[in-house]
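Letters A, B, C and D mark the chains as written, and numbering starts fresh at 1 in each.
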């Protein structure tokens, strides 16, 4: 099949490559012309702007937008909606808020355009491992584009089959699902990222205890001199916490056991926050997912106003002249 | 009555003063001889060491130890136990772990000595407001010492009576209770402090949001320029959150609304941690009390190993070269 | 002054009463005609519908809407906006989401109408204690209505003045503030309620530990038989946790120490959730406020899907045939 | 080599089997004589009591105790310590608190006995997958027993090697480590289980949101009808959350997507709590690990005293007659 791709960064560029490796054609655009040239040299048809991209595709056209969520994606889809024709489809493969998908699908349908949201997991490893995709939109349209999704997905691979699994739809086993109508793909991806935050924080807290166990915060006779790189490595084999995140942890600790290459300031993207909002809309208690997000906030600031107020109260009731009182 | 007092810091000194104001006699000791002289000038009988303190008291002697929990208190009680005679009583007014009380009461009983633990709240304000006391130990002995407790307690004061309250024991209304056997006093005080941590953190988080609402973290058209000193003041009147901690907050913000006098590093004492341990022994979920404690840990460190590991994982799976990557 | 009041429930009815006690006139409406008759008998001018209410007020009219947030308030303000004339003011005294205030103020301004949001704390006690009010809107309009706010507020009362407080604006000390433009009043009230959730949960967890300390979850020799009613009472005097919520706790425990009159299912209103959303917009960590909300969710459901999944995993990796496996 | 094994339950029995499969000899005992007969039929030397077990082993003897932590393990080791001779070694493969290991190693050393603690992960899957082992104790003794550990461990298997890993000690890659002196093995295993709790709770919360998204708690037009079994399955391929716990989740959901076979009451063992205690000793904030534990407490009780107190306060200040008021 043929696919237009807008946005050739870490994700979009490799999506084009994986499709071409599987015999599909791509028409690619990025504001950065170097990215376009590079992919053109690898077999893609590079274009200089959106009209050229639309002109370069056969009807019904399919255009995959792989840009940062928010204004970049929104503006691009807005422009595309004026260039495309009824029957064409826009695919948003980024990390869009699912309520934006629902709105867009409704608005685009009024112009006869189709809209598909694809929550795409795989990061920098997707080219090699394939992309795990959670897809929302019209079922027929998702089926029509199946050759593209099948090519991008990891496939059955060497992962053991789930025992007892009986399903009419074998796409899940090949690494992609049609989750439901527009928005459902990004909703499932959002929850995936929420869980990811929680798992990461669980490892972070555990390794923090392991590391601190050898520090001067404890009297010397209570310390253990633990090898965190070996611990991550051994847990990869036969333990309950074995996981891809643990593999990455073992990688990182093998090269830099003190993690001196990192400052400890951790970013967060929208999905963590949206997951908490979704939970609150549904009255689902999410202490772990929320605290994972808050720990990231906390990692980025110090001497917060709230902390200062705690010290002020302590000073008020107990005259505690603590380190916190200047 | 007559009371020996060991430890004349912020708490012990004022306890002696409040007793003397109420007509009681005190025999006082502190390693810091200045503290002893000061109180002697105010009417106390100052002594130079523990044997002198014991010698200066009539039988059955009562000695109030008001020292930091842990070794200072433990060592002093150990020494006293060798100087005192059957029928004498040791009172620990500090912040001792309640399991230590239980052990001590058992050990001292074998020497014929009595032991009373008094959780004492009131801080630097106790001299004026009186001390709220939670007492553990033998009921008869607590009764025998009642004149001392009655003098130290706030008394009925101007606080409105609790409607529907029917009780044989009016001590609670006068600001002290006999909570149960040895350890029960400090147990109740420990929970008091656990709750205190939670209330303080609730205010800290709320005022943090209020303060940040006017900061550049938000686009300019989403900010409110809120007067936090006025907000604290207005809540003191008729709102659901009115409390002594809010009064202290209003005090602090009246003089220093930006809290520039504080660094934001917050200490914690043993009670917060022991409260969590007690909760876990009883399988009681305490997300708020525990997170209040963890927020204090967090206020004292930055760039933790756990935070660095989060960045390392993000770098591993997504190539996120974030601020956290050096 | 004269004020129209719509909604005569627990809050609205007493607001009318407190205003009348202070010499103001009220024109009142409620769908429940009994509420209207009752207040009419106490001196209010009762009316049968919104047009009659508008007709009964002198220009520039002031109408206080005291209805549940969401559709009831929204619909009423919509109707009022068609009946009122330029220069009139609508006051929303309910628990509206502050972003709705901002939108409404903008929309109403286009019709020449003014809009004021009043976060009102005081509950069933407001008639007697006065209402603590956090007001958003145009400063001049708030000043024009000052006689009404001054009458509703608690006033200086017997509460000790905050030391060091220097302020041009003495309204905060009398129990009301002009917090900022439209929305600022409800924003501050929202944070107030967020803090309230945290303080309540801190007490809930603490008393849960106290109560469980005497239960069979512990071996008999580790139990204390604590009197929770006495503990709440004693903390009211001189302790750090003394607060109005503690007064209410003491009230409740005096009559029903086992709290047998309550099932343990706890409702939550919008403010708790909106507080968390505001915190996340500003990247403020709020582990205590959020966990207070989640504890309420948790109190209302059992056997959640998440809990079942935990059991399923445990069964999967360890063959744990636990109580959770049917 | 030869190994005595005490405790032939889910873990101990399969440990014996895996050793025998690898050519080692076992002398086995369990209070349940059936377990002994079964293993004897498979090639083990079954014995009827501890003296017989000791008598059946060549010096220096090695005895693996695989019993529930606490009294069963403690009593057995106490008895063994009286039967064994200098140079013999006791191995505790259970889930013992690491501070008990430190004490035991010290006490046994005085009798010339050696002590090794082995944190053993693998559950019911260990026979097939091998056991991931974290070992504490004297380095030479751990080396002497290496043939046993090597046989029990998973080995290199088909798991990809960690890139950049350079290590003198290849045991971690084969699934076992010598973590440090006595106690270090169980300390690392304890943290492993703490992390496990956090990861499980992250999945539980995420799937709870997914499931609730299709429930009547939301207005019909906001629901998605999500297939949770397919979602678990798809995440197994190429997603960031792929892990063994996710594999188990997919297994469970494949057979019972509504998890009707589980009540939702979740047990916890000591490690979760000990992990929090260790964190508090080291002032490490662990909001995720602690809330995972508290969620389990919460899953087992409803209508807690704390929840009732929340309702009582709400009733007190607002007259809220909620579902929680009987």
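Structure notes:
Going forward, contacts are C-beta pairs under 8 Å (C-beta built on N, C-alpha and C of every residue); 3 or more make two chains touch, one makes a residue touch a chain.
It should be emphasised that the depicted structure is a prediction, and the values quoted were computed from it without experimental measurement.
The minimal number of chain-to-chain contact steps leading from chain A to chain C is 1.
The most distant chain from chain D, with centres taken as the mean of CA atoms, is C. Spacing of chain B relative to chain C, judged by their CA centroids, is 31 angstrom.
One inter-chain figure worth recording: chain C and chain D are separated by 46 Å, centre to centre, where each centre is the mean of the chain's CA atoms.
Centre-to-centre, using mean CA coordinates, chain B is 39 Å away from chain D. Looking at chain B, one finds that residues 123, 125, 201, 203, 205, 208, 212, 240, 244-245, 251, 283-287, 291, 294-295, 298, 300, 304, 306, 317 touch two or more other chains. By the touch criterion stated above, chain D contacts chain A in their complex at residues 121-123, 125-126, 129-134, 153-155, 157-160, 162-167, 169, 171-177, 179-181, 183-184, 187-188, 191-199, 201-203, 205-206, 208-210, 212-213, 215, 217-218, 222, 224-227, 229-231, 233-247, 250-251, 254-255, 275, 278-279, 281-289, 291-292, 294-295. Against chain B, in their complex, chain A makes its touches with residues 10, 123-125, 200-201, 203-205, 207-208, 211-212, 244-245, 248-249, 251-253, 256, 259-267, 287, 291, 295-296, 298-300, 302-320, 322-326.
Taken together, the chain C residues at the contact with chain A in this complex read 240, 273, 276-277, 280, 283-287, 290-291, 293-295, 297-298, 300-301, 304, 306, 317.
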